[in-house]
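Scroll down for the structure; my scribbles are underneath it.
All chains are identified by letter, namely A, B, C and D, in their written order; residue positions are counted from 1 within each chain.
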């Protein structure tokens, strides 16, 4: 069975074969690993990967599972559940600016109908004593502002809709990487 | 609503009236208490009893709930679920000797059919580096031995059946208390 | 001694103060905003008074509401913790006026030391070394130009009311001076309502070393050695340690004495911290006095064996400080890591949310002062500190190893933390060599990203978690029969 | 230094040893019985080798299997912890023969000191004060009678191979002597396979005070001050503290010196403990040497700032002990409470079972060395210690208050513990006055039962738990929409 796990903007592919009770064989790229696993408690697993022991703490979150191994924590999501997410730009690219975390809108820097440049500040949100400027991911025109100053916003709530200017997708992506 | 809670061999009776969301009025004997409560997490409750705050940790166990308040832990069981349990002796009294904890039988001191005195050692069990002699709770005759030396036993497993000698129930109880 | 203290703060520092109060037999009053109804400090206070909405101005900074809570609960003293009202002279003054003991220095001392220009003048009079620079506010550009020339470039413009890097500009060239001054002043006005700025010499490769002091109401003052706090991100400390790898015994004695002199020059009372800049040649310069308990106070507690909060409360209650400088000694080495809800991959952006799982490190020489628990929703409204992880060991090398072990066994799932980033800092050669300068993160860790090998393991753990059957039933392995014989042998074991 | 160490033990002590190994960069091998497949030490070891069935004789006491595990994993040294094989001279000898470093004294020293009569002779030669009594085994009843008359009644009969109170009898009258001797000898034979018993003067109102020692392979020995361990139930310590409330500085120096002399007289190497009986007049007498790490070692670590396990390993690796007596000092006051799975209402009967919920105390000066976790099934087969709760504070009074706070915030649900009993002992007037004699529990706490007022609160909590809706869903308060816009603003914050 193949697993596609999303980590940040990246997809990690594992070919997994159950080879016994609590035993599996996992292939990642050129690396093949023999794994023994056992659940110790709700959030704790004991693993043996190619003969080496590890403890893994796992918790279910709304957007995936948080996994901690050897002091390092990763948020992984089943990509089949969430759909592939290209990094930015292109035909499947964003049409909106969303809130990255629960925050309060402290300032709106643009007006409806206004053309904006890529990287131009649109909205200032405040969370945990820190102000953050949310910037336009591409050039375009503000079609709608969905929030008011002082309003609380949730993760991924769409704050501003932007209609993109016609731009070559490949170039847009390149710019994003160099930005 | 009345709660009958079993604590050791004792029954604690509470008359409880829900007086609002997260609010109840509890009467125990002559004491009446106004209680506000709120669940903080699966095992943690915040209580306000007659205006004083307390934190209570609660866990479901097979034989009741363990409750910890201010560093003191009690095992309480709903008596309606378990039925009343007289302390010892009398018509409803025990007919058997049971294991008090998971243990290993190290020695059997009596034989089937043998008459035994009250307090006479019947079985030695070993748990956690400590040997314990299980004694006859009353005089009688061993009708059956259900275990063998070296056998592992579980809490409340019946180890030895005893048919009681005819004895005045009231006197039997008195002796048990003075013993 | 006080019978009841109100803690005008939240989170881990409120919890930490309550613990000492409880040990002193003092009842505690927690205050909380709507966002903190289920916060640990709200749960752990003997009483808890709601203040109002999450916004600090309407809760933890609302002086009237806090004073009302003190009066309503009959508390005799207020501990401000750090942040919020801890260095607010108006609040301290209001407490004085209302007959409430403020656990900190007198209002006038907070006011004097809160103004950096005033503080510099006090230190100069007390012969405490200060960074070359201005000693009075000035409007005239010619005066600025003259000072600039005399001090020499590069220069640093600082806000007199400042803190947290706001209203600060580095100036490399005379031509930039006027514009930089205007920009800094504008920023200072916005941040502090006071646009006063002044000039200092800029010291590029330096360390941030601070000295903990304690002073009682009779004027007896001592120092509790130094803390090295050079590892910072966004002008905020993330790793602190003591002793400083840079101090010799004679430099330690000189800086300690300077801090005591500074305290006495300012008429200081209670616990405070004198911050210094230390240059690579061993010259040190007064930076500022923090007139409160510091986030990093536990490392001083570890090496001295003292409870600083207890001493704060005793001093505030008018007790003389029984400790003398001679009997104090620094034992072993202590390190603190601040564990924030933040994302080290995203420039330490805050990462609020619900903590789904929380397992704290334990063991010899490990202390974790936490303000959260599994199930708690870390609010958006406040500084996202979750806990301060502190270790103590015989030597610096052993303390580093101990901190690495502690970080590796610290599981916080549900919000992002810098635990893996901190692991890499502690394991790095420059940190281990003690090359802890204030530019450390910018110099060595700007392009940090998480370990790839462990990511592979995490992916395997994800799959294993999906495949492994979920938790076994809550009951014991061996269930008792449904209607067990009621007689309990246990009662007869004493026969 | 060793690259890999096998820990021939289980539970909290195995976990505690592993932590130091990890900090020293030494890989650890856990061994486990069938009952400990999911034990914390099994999980935390870098490797874990199964030994066999739960019965100690087939697992943790099975020398052949442990030696095989060492050889199979390539470990260079074995740490025996305490209990099991820790004081087994045959095991130490076997390790020596197999070229495995045994982290403890040489086999011959364990053998000499394990025989109490031999140990008494060694101490006498070293001029260490011993309790008046016999110095050789004797069969002749006339010899016994003569000794008895010379020593004077009451007398104590002890097993030469003894420990844990087995083979011990107090004799008040010459007429009882012969029968008591036969009984003690029978018990000693059953327990130790050696029926040798001897006579000592019985000291009724006394304290149990022990001195921690460290000795390297070059003969350099130091002491790390005392531990007062008088609070015992069933001849087993439950509360230990240091400093002892009974010791003056001169008595401490004298006992410390006697312990170092004892160590040198016995040719001692590694960490060990010299136990003394201290009478109310300040006379002290050698009792025995424990040739291993003690359960209560953490309180010594707290007041000295040293990691005893690290020093054990360094000494075993042949390193000279760099510490000198002069530079050591005892700072503050430390207390340990042993948290067993046992029922203080039922004569401390073991209480095995599944731990349904486990919340450890934390905070300044609090350390909990635990070997369990929520969900773990405490096995029936072994000593039911769950953890050692240790506190450190500036004074004895503060340490007591700190321990009370820590115990009050320690939640262990699913097995019975003595936490509430310990709370009452710590709060009692005789404990607070330092009247800690070995008869303390029998004298003040035989009729103990739990607090009734808290029982009422617990009943209310039971009802509230039944009425309060169960846990809210695991997700965040604000759920994202099912198919959110995939673009993540976060990635663009650096623009």
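Miscellaneous remarks
Keep this in mind: contacts are C-beta pairs under 8 Å (C-beta built on N, C-alpha and C of every residue); 3 or more make two chains touch, one makes a residue touch a chain.
This structure is a prediction, so every number in the text was calculated from the model and none was measured.
Counting C-beta pairs in contact across A-D and across B-D shows that the higher total falls to B-D. Put simply, the chain farthest from chain B by mean CA position is A.
Chain centres here are Cα averages; for chain A and chain D they lie 50 Å apart.
Computed from the mean C-alpha positions, the centre of chain A lies at a distance of 53 Å from the centre of chain B. We define each chain's centre as the mean of its Cα atoms; on that basis chain A and chain C are separated by 31 Å. Counting partners per residue, chain B has 41-42, 60-61, 100, 102, 132 as the residues that reach two or more other chains.
Of all residues in chain C, those touching 2 or more other chains are 349, 353, 356, 375, 471, 474-476, 490, 493-494, listed in ascending order. Against chain C, the residues of chain A that register as touching in their complex are 3, 5, 7-8, 12, 14, 16, 18, 22, 24, 26, 28, 31, 33, 35, 37-39, 41-43, 45, 47, 49, 54, 56-61, 65-76, 100-104, 127-130, 132. Interface residues of chain D facing chain A in the complex, by the touch rule stated above, are 38, 43-48, 373-375, 474-476, 478-481, 483-495. Within the complex formed with chain C, the chain B residues making contact are 9, 40-42, 44, 46, 53, 55, 60-63, 83, 85-88, 92-100, 102, 118-119, 132-135, 137, 154-156, 158, 176, 179.
For chain C in complex with chain A, the touching residues are 341, 345, 349-353, 356-357, 359, 380-384, 407-414, 416-417, 419-420, 423, 450-451, 454-465, 467-471.
Chain C contributes residues 16, 19-20, 22-25, 298, 301, 305-307, 310, 331-332, 346-347, 349, 353-354, 356, 360, 362-370, 375, 377, 392-394, 398, 401-402, 404-405, 471, 474-477, 490, 493-494 to its touches with chain D in the complex.
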